[in-house]
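Heads up, there are several structures right after this.
One chain, chain A, links the two complexes that follow: it is found with chain B in the first and with chain C in the second.
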Partner chain A sequence: MRDLSSILPLVETAGPFNEVPEEYDPHDSLLSLATTKILVIGAGGLGCEILKNLALTGFKDIHVIDMDTIELSNLNRQFLFRPEDIGKSKAEVAARAIIARIGDDNLKITPYFGKIQDKPREYYRQFSVVISGLDSIEARRWINATLMALVDEETLVPLIDGGTEGLRGQSRVILPTISSCFECSLDLLSPKVTYPVCTIANTPRLPEHCIEWANQLQWPRHFPDRKFDADNPDDVDWMYQMAKTRADEFKIEGVTRSLTLGVVKNIIPAIASTNAVIAASCCNEAFKFVTNSNPLLNNYMMYSGDESIFTYTYPYAKKDNCPVCGNMPKWVKAERWWTLDQFIEELSTKQEVQMTRPSLTTSSRYLYLSNPEELEKLTRTNLSKKLSDLLAPGEEIVVTDPKLPISMKVLVEFVGSEVDPEFINK
Partner chain B sequence: MVVIDKETRYDRQLRLWATAGQSRLEHSHICLLNATPTGSEILKNLILPGIGKFTIIDNRLVTQVDLSSNFFLKREDLGTPIASAIQHNLSELNQEAQGSSIIKSIEQIFAEPDTFWGQFSVVIVSDYIPHLKRLIDILWSREIPLLIVNSVGFYGSLNLIATEINVIETHDPSKLYDLRIDKPWPELQEFSDSFDLDKLDDTEHAHVPYIVIFIKALKQWKIKHNGQPPITYQEKTMFRNLIQSMSRNIQLETNFIEAYNSYHRAFQKTEIPDSIKSLLFTSQERKLTPTTSIFWVYVAALHKFVSHNNGQLPLPGKLPDMASDTNNYIKLQKIYHKKALQDQELFANEVYSILDTLRRPREEISRESIATFCKNVQLLYVTIGSKYLSNDKLVEELFRDGDSTSSLAVYFGVLTFNHFVDQYKRFPKIDDLPQFIHLFTKMFGQANPLPQSIANVFQEILSHNTRNYHNLCSLMGGIASQEVLKLTTSQYIPLDNLFIFDGVKSTSERFKIDPL
Partner chain C sequence: MLKLRQLKEKQKAQAAAEGHNNSSTPTTSISAAQLRLQKDITELDLPHTIKVQFPDPSNFFTFNLTITPQQGYYRSGHFHFKVDINNNFPIDPPKIKCLNKIYHPNIDLEGNICLNILREDWSPVLSLSQVLMGLNFLLLEPNANDPLNKQAANVLAKDPRQFERNVYNSMRGGYIDSVYFDNVMKK
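Here is the complex of A and B:
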């Protein structure tokens, strides 16, 4: 039988930094560990570590959600998986592996093989803490907004979020409505590298330009009805050959299969070490939160290991124009000559917006609705109209996206000329 | 049996250290003293990416506390030798890594001849071992890096003890390009002269690479300014305006917009960075011998290269992307590449002549290694380590901070914890605080009364005196394994040389213990 001997000394006595020494009771702490329902989102690089850490620090009721299946390239860090598990559900295999190794009848791990969005908002109310180890920004925004929406007199579910990229990462504690939330810091994320279409189409210089030419321009032309599948080796080969031909034509060197895959899949380097550091930091916060043994991280720790070892811990400030935890509108600049279409294009790619299918409404009218289909048709005509003609002065726009439970209030500051400057020059 | 495609399995790490790093990793042999949870986690993080061999040394049997905190122990391992149990369970992670276990105490290991240690690339000590100083002396004299990783309660520390660390592939994130715009060599000047800006049509004009724009603008500027480049802020602004005036439409010509925005590149001086200057200086004092490491042979060759080539470093030859048509960009790329290859050739000859004088075979080095050195020549990293865990300066720093928030109290608490174990053969408890402080004072002197901030940290350590809190073990294991990866792949810059993690406050600090 595995006992709690390794963690008992942490809860038996309150230390000098304990924030509630008067009320602190070791029995409560132990009871709390044994009964707390904790949700782990993601059973990948961070998730495997998180599940192991929780199981070895006294948590007994763990739930885990992951929609992915195991791939060969996961095995360099996701230590709960073996080659024979390839193709199986990460959540299910991870849960089984932990249960088998820990061998404690009182430990319950409940896996769910699916998306977090499959579950209704109320499902999340049962948890005392949520730890996320996700690589998807959209999923993190979704869970962040969902936990924020749950807040009432009885419910406040902290979100402990970890993320890694190569030898760097960060962990943070989000107390919905109290500290800054994931949405507040969207602009902290490193933006995805993009290349101008005219470079890709006309003046390629880098191997990446040739790969994007194959990916963005050639694939849709050759296979209009089928999306590229990065997990299908035939698809990847086609893409690689196409990019290689283009590169040879322009005498550009450096297109390889590995680079092709990296660009089209947007692959982020990942190793076990960084995941171990970030997952352990997240679980240390979960442990402190549940046991009340020591103060919580306030509220953001960035970690970097590529040049010596460096961490920076600071309270990331709440933003009052955050669409999730604030109530003020965001100011966005727009050229006077922009059409609604141009405005949507600019807005949706902004670092702090990042929406794929935004819908825009004002209190008086629908500007553009991306779904359902009938309403899209009805509002499509607005796209070619000038934004400045569609808006009353000072009118607020509400921006939503079907994939996110967020409505963003936007105020437009018009700048520049009434006419497209490029048009004048021609 | 599933056939494993290594390139795919290791894809996510090859993007960090490439096949050269991977190959070095696969030839490494890592030794762990003390089969703690921290130690198992370190090895886990190294076996997964594919180290060659690992050896665990520990003569203890598995106890309840071990089982409670170590994922790589099974219930049935209770009471069996811990080193072999962990080695067995870790081996499941990757068939490529060969594990072995030695069920002996540190004293028994010391009975072996010192050559025993020669098989290891890195040695790791987790938590307390007796005779640590003796181990440090042995490894120091054999130039084998040693990591000492400790975890107590919510605290952790890591020392990296190495005589010297040098790194060629530092992966420095600052985008430094050596473009030589201020000193174009004949081919580059010729290429620039081949553009007659006034005769180009609008499309061509908007696709002239900014390197050419800068070379032309600088030439024009120098004619009017006694051959001097822009120096003062005012002159630099005027130069920027000159670039703008060369454009036909600064709103639309992306190449001129780029040139305008990155105008600092135009007067980036071609000179040797200070860090490399001091490296060259140090190399003069070093006597080259038949056993001098290749790194210092390269630095000596660099010294000669620089004196034979007008004080310039070998050209790395890397070009940033810039607005241009394909043809001219590729031409420019070739000009830089050709010059880089010529420099590599000249540099290789300097290396050969040194090797010849030392009567060492030229086969010791490869063309790839020459190229790697030249491409990274501006960012070489060297540091001299310390074999001490503490010195007067560090103690002074601890007390100077007085009641501030320095993490050094954590580190001295950990050191004292190990001294306590050494002396009393058990962990100190909160009741032992007076004795603990007494021991601390005896070891490191000073301070009566002890500043409250230090006393608090000591109290925290003794209140929560477990060395097996898995979260801290896993965190320190992650950090220590990362340092082993840097040391074995010879890429990225390792810790120099003390790291302290405070899991109460979720902060960390690093310090350099000076070589005495």
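Here is the complex of A and C:
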């Protein structure tokens, strides 16, 4: 059982930079540290560090989600795992390892072995803050959009996102709708390394070209019905032999089994110390957020350990036309008896933007697509249907139009009667 | 979390000043990929030589294309392609495969296509229209410098007349160098 003596000096008095010193109360800070529900997404390289840091700084109610299982190559840096854990869930093993090590009966860690997308959006509302240590852009975009969509009068769940790649990393604090979000900065991402197919097929010069030749062109030819499985040693061997033969033919050196695996799995080298630095920054922000002791990171910290150490913090600007945060749903009133056609008419004439040929969809169906012709024909029948029959309660509509920079999200508030009043009068 | 409360109050005051007060959240949300794709699809501006077909009208992430060039080596053929877009669009490019076995220097016998903007030069700022126009261009102007079907590329480089004859024959369902090609003259 650990005491809090090391963190007490940080919370006993309001820090010199505290933004609300008159309201600051150390008692509240400690209480919120002990009761705050925090979610950690990812229990890998960053996740292990994050979980350890949170448990040691006094968080008591930690949830962790990870869909992966432990592999041999994780063990050099994912220090909560042991060789006998290979093949088991990262989230579950990590939770058990922390509990066993900290030995605090008040510490609760709830693991979930699965995808973040398995949980309904409302699941995320229970957390005060989410820290993510993810390795995929897709998952980051998902959690970013999900937390954005939760924002209402009571809820605003900050996302603290960490990421590392070799000797570089970044941590950022995303306050949904208030500061820039992950989607705002998508342009920053460097694209995945790809090679032209023609080079792969005809003029290989690098060992990677030979591996991609085996992976992209030979595998589908030999096994048209089966996906390559990087966890199956036979598959990896086949791929390696294929690439090696190709390399020998063109007198290219450097095709190894581990390079083969690296290229086909798109492995980015992971360095334990970079993970530690970035995880520390993320947990620092979570601690400050929960205890109010000091101002939060505003809002993007980049770290580069390539040559000595360089870090730079700056406020990444919100993107006005960000499809996720620059675009909060707008309420539009509609009569209950309106058909989709009448609603579109209302939308295209009464909004600030005069639309020319709007298209409308929801997450479950396409209401009306004005183009291409084929989809227009298929969705045209919806135009004469009642809007209130086409929408589930509270369902969001996305409107796109050539006149709109991205799109507009609309929520419908139904008013009036079910039947056209003029029709009743007749 | 005091700071957050402060920020929220500020935001609320601002919203009230602008006159919105209804702020309950929607029950479902639409992925960022769908937002972007809806924009790209509904604003497709294609020449009449390119037709799109949606086998599953409730899913515009997968669709088929038919390109019928009006000029060039491949004129009057009907070339079918399958377009697959994943949930990480526009970070990931659309995946396009040719469904016919055709004689083309930049398309191999499995239907893989060598087009820079589909791979190494893909960028999220490119629209779906631009990608499809790129594909169209490949049928109008086959390029011997980036070969995927080396034999076809060699013929095109050395003897364009022979290449033209080969394309003509292959498009009618014939053998070139003992490889059978699909008849693409039928609709």
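Please note the rule applied: the second predicted complex is superposed on the first by the 326 of 426 C-alpha atoms of A that agree within 3 Å, B and C clash if a C-alpha of one lies under 4 Å from a C-alpha of the other, contacts with A are read in each partner's own complex, and residues count from 1 in each chain.
By definition in this document, contacts are C-beta pairs under 8 Å (C-beta built on N, C-alpha and C of every residue); 3 or more make two chains touch, one makes a residue touch a chain.
Everything numeric in this text was worked out from a predicted model, so none of it was measured.
J.: Kindly classify A:Ala272 by the partners it touches after superposition: chain B alone (first), chain C alone (second), both, or neither?
T.: first
J.: For A:Pro220, is the partner it touches chain B (first), chain C (second), both, or none of the two (neither)?
T.: A:Pro220: touches chain C, not chain B.
J.: In the overlaid three-chain picture, which partner chain does A:Phe250 touch, first (chain B) or second (chain C), both, or neither?
T.: After superposition on chain A, A:Phe250 lies in contact with chain B alone.
J.: Please work out whether A:Pro295 is in contact with chain B alone, chain C alone, both, or neither, and reply first, second, both or neither.
T.: both
J.: Determine, under the contact definition given at the top, whether A:Leu375 touches first (chain B), second (chain C), both, or neither.
T.: Second partner only.
J.: Shared contact residues on chain A, chain B side and chain C side combined as an intersection?
T.: Correct list for chain A: 295.
J.: Which residues, counting only chain A, touch chain C once they are in their complex?
T.: Of all residues in chain A, those touching chain C are 19-20, 23-24, 32, 121, 128, 137-138, 141-142, 145-146, 149-153, 156, 158, 175, 177-178, 183, 186-187, 189, 191, 194-198, 201-202, 216-217, 220-221, 289-290, 292, 295-296, 323-324, 329, 331, 357, 359, 361-366, 369-372, 374-375, 378-379, 392-396, 398, 400, 402, 406-407, 409, 411, 413.
J.: Chain A touches which residues of chain B in the complex?
T.: Touching chain A from chain B are residues 2, 4-5, 7-16, 37, 41, 44-45, 48-50, 64-65, 67-71, 74-75, 92-94, 153-154, 158, 170-173, 207, 249, 251-252, 321-326, 329-330, 430, 456, 459-460, 463-466, 468-472, 474-475, 477-479, 481-483, 485, 492-496, 499, 501, 503-508, 510.
J.: Which bits of chain C are touching chain A when the two form their complex?
T.: Residue positions touching the partner: 1-4, 6-8, 11-12, 20, 22-32, 34-36, 38-39, 41-44, 46, 51-54, 57-58, 60, 87-88, 91, 106, 108, 110, 112-114, 116, 119-120, 122-124, 146-148, 150.
J.: Over in the complex, which chain A residues touch chain B? Could you list them?
T.: 1-10, 13-17, 49, 52-53, 56-57, 72-73, 75-77, 79, 82-84, 86, 101, 103, 166-167, 171, 199, 203-206, 250-252, 258, 261-262, 267-277, 279-281, 283-285, 287, 293-295, 297, 301, 305-311, 313, 421-422, 425
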